[in-house]
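What follows is a pair of complexes built around chain A, which joins chain B in one and chain C in the other.
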Partner chain A sequence: MATSTTTYDWRLALPLGGFLAVFFVAPLAVLFALSLQVDPKGTAYGVSQYTAFLGDAFSLGVLGTTLLLGLEVTALCLVLGFPVAHLYTRAGPRMRSLIMLIVLLPLLTSVVVRTFAWIVILGRQGIVNSTLLSLGLIATPLKLLYTQGGLVVALAQVQMPLMVLPLATAIGRIDPNLADASASLGSGRWRTFVKVTLPLALPGIIAGSMLTYAAAITAFITQSLVGGGQMLFMPMYLYQQASTLQNWPFAAAISIIFLVAVLAVVTVFNMLGRLSRGLTEA
Partner chain B sequence: MRRDWEKISFDVVMGLVAVLTLVLLAAPTVVVIVVSFTSGFSLKFPPPGYSLRWYAELWDAWQLHFAAMNSFKVAARATGLSILMGTAAGLAIARSKALSARLLDSLFMSPLVLPALAFGLSALMFFSALGMPVSLTTLIIGHTVVCVPYVVRNTVAALAQLDPTLLECSASLGAGRIMTFRRITLPLIRPGILSGGFIAFMSSFDNVPVSLFLRDAATDMLPIRMWQDLEGKLDVTIAALSGVLIVATIALILVMERLTGLSRRLA
Partner chain C sequence: MDFDRRQLLKTALALGAMQAFPGLSFAQARPLVFATFTGSWEEAHKAVLVPAFKKMAGDAQIVLDPMLSVDQIAKVNAAKANPPIDVMLHDPGPALVAIGQDLVEPYPVDKSAYYKDLISEAQVATGPAPFFQVVGLTYNPEAVKTPPTSWADLWNPEYKGRVGITNMNSTLGTGFMVEIAKMHGGSEANIDPAFAAIEKLKPNLAAVAANPGALATLFQQGQIDISPGNFNAIQILKAKGVPVEFVAPKEGAIAFKTTIHIVKNSPNKELAFKLIEAALSPEVQAKLMDAPYLIVPTNTKVKMGGEIAKVLAKDTDELKKKFVFQDWKKINENRSAWIEKFNRDIKI
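Now for the complex of A and B:
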């Protein structure tokens, strides 16, 4: 009976379990049932909403650009975030808390505020344009807002903490003796980085990429404000169909397809993560 | 020679990218605060002059006050519910290795993984099927679903760091389970519960995807009001509001850092 003093009654999980069963699982079941309605009146059931989505080049294009956007944001976060995590693990205690504060600030600031800031930076009269103009590098303001490039940078800033935190944990776990050993065997910094640090940081890279990717493709507010009306991504497509067009069965089918896409990405990253942990611990 | 050049080039490249990224991370916050003090009508940077006029304007913006009040009410209640149910659930699954505990853990974490917008839509359909009109209650329920994982995760993490011998000591000294919980377990895991509750509160206050479907004109929420204002016109009042929110957030982070060592828990 030694365990009875250190574990708690499983029935303590009942309130939350019941709450989520009623208000999370049941609504998702309703969503799925609705996606199987042939028309908004619910006269017949079938997979016509799904065939409509998958047979439509426009809808598939929206899904494709959304998945591609996630890839671009994740790649940028990785390239920019790795050096920050690297610096963090080598910095002294004061520098460390400063870096952590700067990394956490975007995570804890309201998403509308962060996004709003990018409008100010990228706008026609924004910092980038006014700096370039005053330096005489350009004659007319560049269009930065409402472009894919601007959106990727804004999303990368917003999601960066999700990449840096797992990376810092993973790099912090690497035994510093390994880098010394690599150096004493004649490898330069770059070689040591590619052959030793990067492979050992793989679990952190995968965990960070999963979080960043999932957050980037579901980031409704940033997508709509910085991306503008010209680019359509899955969250906005879903919202338009549900709210503006009141086409609930189709919106439900979009939700399910989007949900499955996100789950597939998470599952793939999880599998890669397990694989990479097996490799680094072997 | 080649080794030296490698060392220098590596340190310079990594250092430069790191500094550039840190500037990129901090710049938006700094820019919003500077612009909020502009004396002009536009979001020009740098501003033509400085004044407090947009903060004065904010003082009279009753629509924003109303939305902020709603957001605060919902966040406070959703956080309360999350702490009550999430802490209990965290206790139940923390040290258990049973399959049922792992399955429950996946259930409790799944609202974090699934796109919140899809959940928002499904909640709206669910409530309308039940004949429940949207209200503060439906908002609180929806927010609790997406915020409770933070409390569960932090409670489980705090319990994992709690030395079980402390509980055994307490029991062997004659304390009952309730006594041990109140005098040993709860005080030791309180920082974990508090930081989980803090993150839950912040994410509820900032939530758009769930609120978007579960609110109406009577339950206007602050982030949505701000989003709609920004889509229509670029209003400097929003910059002043953002300034207030940033300062409040930093103040809260510093308080939570003192109380719970927040940054250690997030890293």
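Now for the complex of A and C:
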């Protein structure tokens, strides 16, 4: 394996380091300090905001449903995105640019517009319901908007590019000869997929999953417009405490807990990736 | 003229710094900053209030900075000594928070030419109310054939799966819950009857919208046919051709004072006073009452007309009879606990 021996002067990293310190580390430190205030007036310091959150089944439930929502969206994006990415790497140049255009198109539209489009699609008189009604498959409109299922579908569409792009890159790097080699050694398509393609695409799957996951659980606009006011997820909970109730310490504690929870999930993603790679190599 | 590279760079940097830190360059004379609300409020204020102010204040510079009340409080709170805003606009709940946190200057009532002409409810020394917001019932006349007359109509089994409400984050949502509580023997201090009533409303509920704006969208989509709603918001929808009507329920329409405040430590107190005077003046209020703004006037010298006279009240006396004002001081004491309870209990 070739190793690069070029060394760079560490001082080159100073501007970025300084930028991150001022605009990332310092605000985070302020946020953490704020979360240690016992009440909004800052009369005393302690961990009461954290114990209030962690000792409350309702708050933990909000955290749980938010993390679960992320998993559902990520799984749906993976299941729908993998074939698209696979098709992209196998297609001709013309088809390729068409697929890329379709994948990228949503990124060029505002998330607000896309979310409103989903309200139109999922509504009582929306495209889905009116089609089903006219086909005579249902008698009364289905409730699609303001349901967890509707939200997962809308979020999956909104975040799909984040899954497909890293996947397409990873799958594109796999040497097509490997699949032929696998076939010539007697593997069927399915076995080749599980034993060869999937492990080699793993970096893309992990990168895509992390991006989709992080984007899905923090998608304030889509969550509140498609999910509605009766489904509470962490971003809305946070907003409610910070803005409506002006309870900044609790809001800060929610942010820190959310941040830690997301980092934990991302770490698990990474570990799973490493673990499964280890298994396939063994 | 001959350009020196160094000189050019220096100028560019200075200009850039002025952009990044406007406080530096305008420390002495920054324009008056008026934090209005977003949407139709901003439009109305840009079209009517700003020109009237400029006429009064000798063409002084003014900047509109539209944002929610709660965000205005957060912004001023973050820089109390040198606030980035001079004039704030607040619904009753946030207004009390701002006053409680000592963020507003008392209004110089003695100097004011219009204060004494305001209806008594609008005369607030911490910041007068130049506008009212009115909440009543809104419905789709194509789907709801007999116009509703009471909040109780929302419970009508006929509207199964057709009713929309908002959660308690908004003034509208909280005000509605307080009114429902009052109907069932509760009060601003006791909202439990409203929660019991909402429990019974569940079969009818099609949606709990995250905010009043989302409620309007649901009318457009035919997702809901009847809901509590804001008079102004409904007029905007109507103007867009959405079939929707507003009606003041017989229990009384809920009226929210929208108060306007001079921010404490503002470097532009004199201009701020002039802007508020303009907002209280009968000329501005009369213009804001007309279509398309349809803002309910608080100055008794303004004669009610148009849609407001037709749907709400033909004069101040009738207005006072038909409007219900709520005690937001009491409401604020418990509001966070209620929002928590709503979070927990209302799942449909």
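Following the convention adopted for this analysis, the second predicted complex is superposed on the first by the 242 of 282 C-alpha atoms of A that agree within 3 Å, B and C clash if a C-alpha of one lies under 4 Å from a C-alpha of the other, contacts with A are read in each partner's own complex, and residues count from 1 in each chain.
Heads up, the rule we're going with is that a residue touches a chain if its C-beta (ideal position, glycine included) is under 8 Å from a C-beta of that chain, and two chains touch if they have at least 3 such contacts.
As the structure is a prediction and not an experimental result, all values here were calculated from the model.
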{"item": "Partners on chain A (chain B, chain C) - clash or fit", "value": "clash"}
{"item": "Touched partner set for A:15, first chain B, second chain C, both or neither", "value": "first"}
{"item": "Partner chain(s) touched by A:218 [first = chain B, second = chain C, both, neither]", "value": "first"}
{"item": "First, second, both or neither for A:230, with chain B first and chain C second", "value": "second"}
{"item": "Chain B versus chain C as contact partner of A:251, first or second or both or neither", "value": "first"}
{"item": "Which of chain B and chain C A:44 touches, first, second, both or neither", "value": "neither"}
{"item": "Partner chain in contact with A:181 - chain B first, chain C second, else both or neither", "value": "neither"}
{"item": "Partner, of chain C and chain B, that touches more residues belonging to chain A", "value": "B"}
{"item": "Partner chain in contact with A:87 - chain B first, chain C second, else both or neither", "value": "first"}
{"item": "Which superposed partner A:125 touches (first chain B, second chain C, both, neither)", "value": "both"}
{"item": "Partner chain(s) touched by A:106 [first = chain B, second = chain C, both, neither]", "value": "first"}
{"item": "Residues of chain A at both interfaces, chain B in one complex, chain C in the other", "value": "116, 119-120, 123, 125-126, 224-225, 242-243"}
{"item": "Residue numbers on chain C that touch chain A, as the complex places them", "value": "68, 70-71, 73-74, 97, 161, 166-167, 169, 206-211, 214, 217, 221-223, 335-336, 339-340, 343-344, 346-348"}
{"item": "Residues on chain B engaged by chain A in the complex (per definition of touch)", "value": "2-3, 6-7, 9-11, 13-15, 17-18, 20-22, 24-29, 31-32, 35, 42-46, 84-86, 88-89, 91-96, 98, 100-101, 104, 107-108, 110-111, 113-119, 121-126, 129, 141-142, 144-145, 148, 152, 164, 167-168, 170-171, 177, 180, 202, 205-206, 208-209, 212-213, 223, 226-227, 230-231, 234, 238-239, 242, 245-246, 249-250, 253, 263, 266-267"}
{"item": "Residues of chain A defined as touching chain B within the complex", "value": "2-3, 5-13, 15-17, 19-20, 23-28, 30-31, 34, 79-81, 83-84, 86-87, 97, 99-121, 123, 125-127, 130, 153, 156-157, 160, 165, 168-169, 188-191, 193, 214, 218, 220-221, 224-225, 235, 238-239, 242-243, 248, 251-252, 255-256, 258-259, 262-263, 266"}
{"item": "Contact footprint of chain C on chain A as seen in their complex", "value": "58, 116, 119-120, 123-126, 143, 145-146, 224-225, 227-230, 232, 236-237, 240, 242-247"}
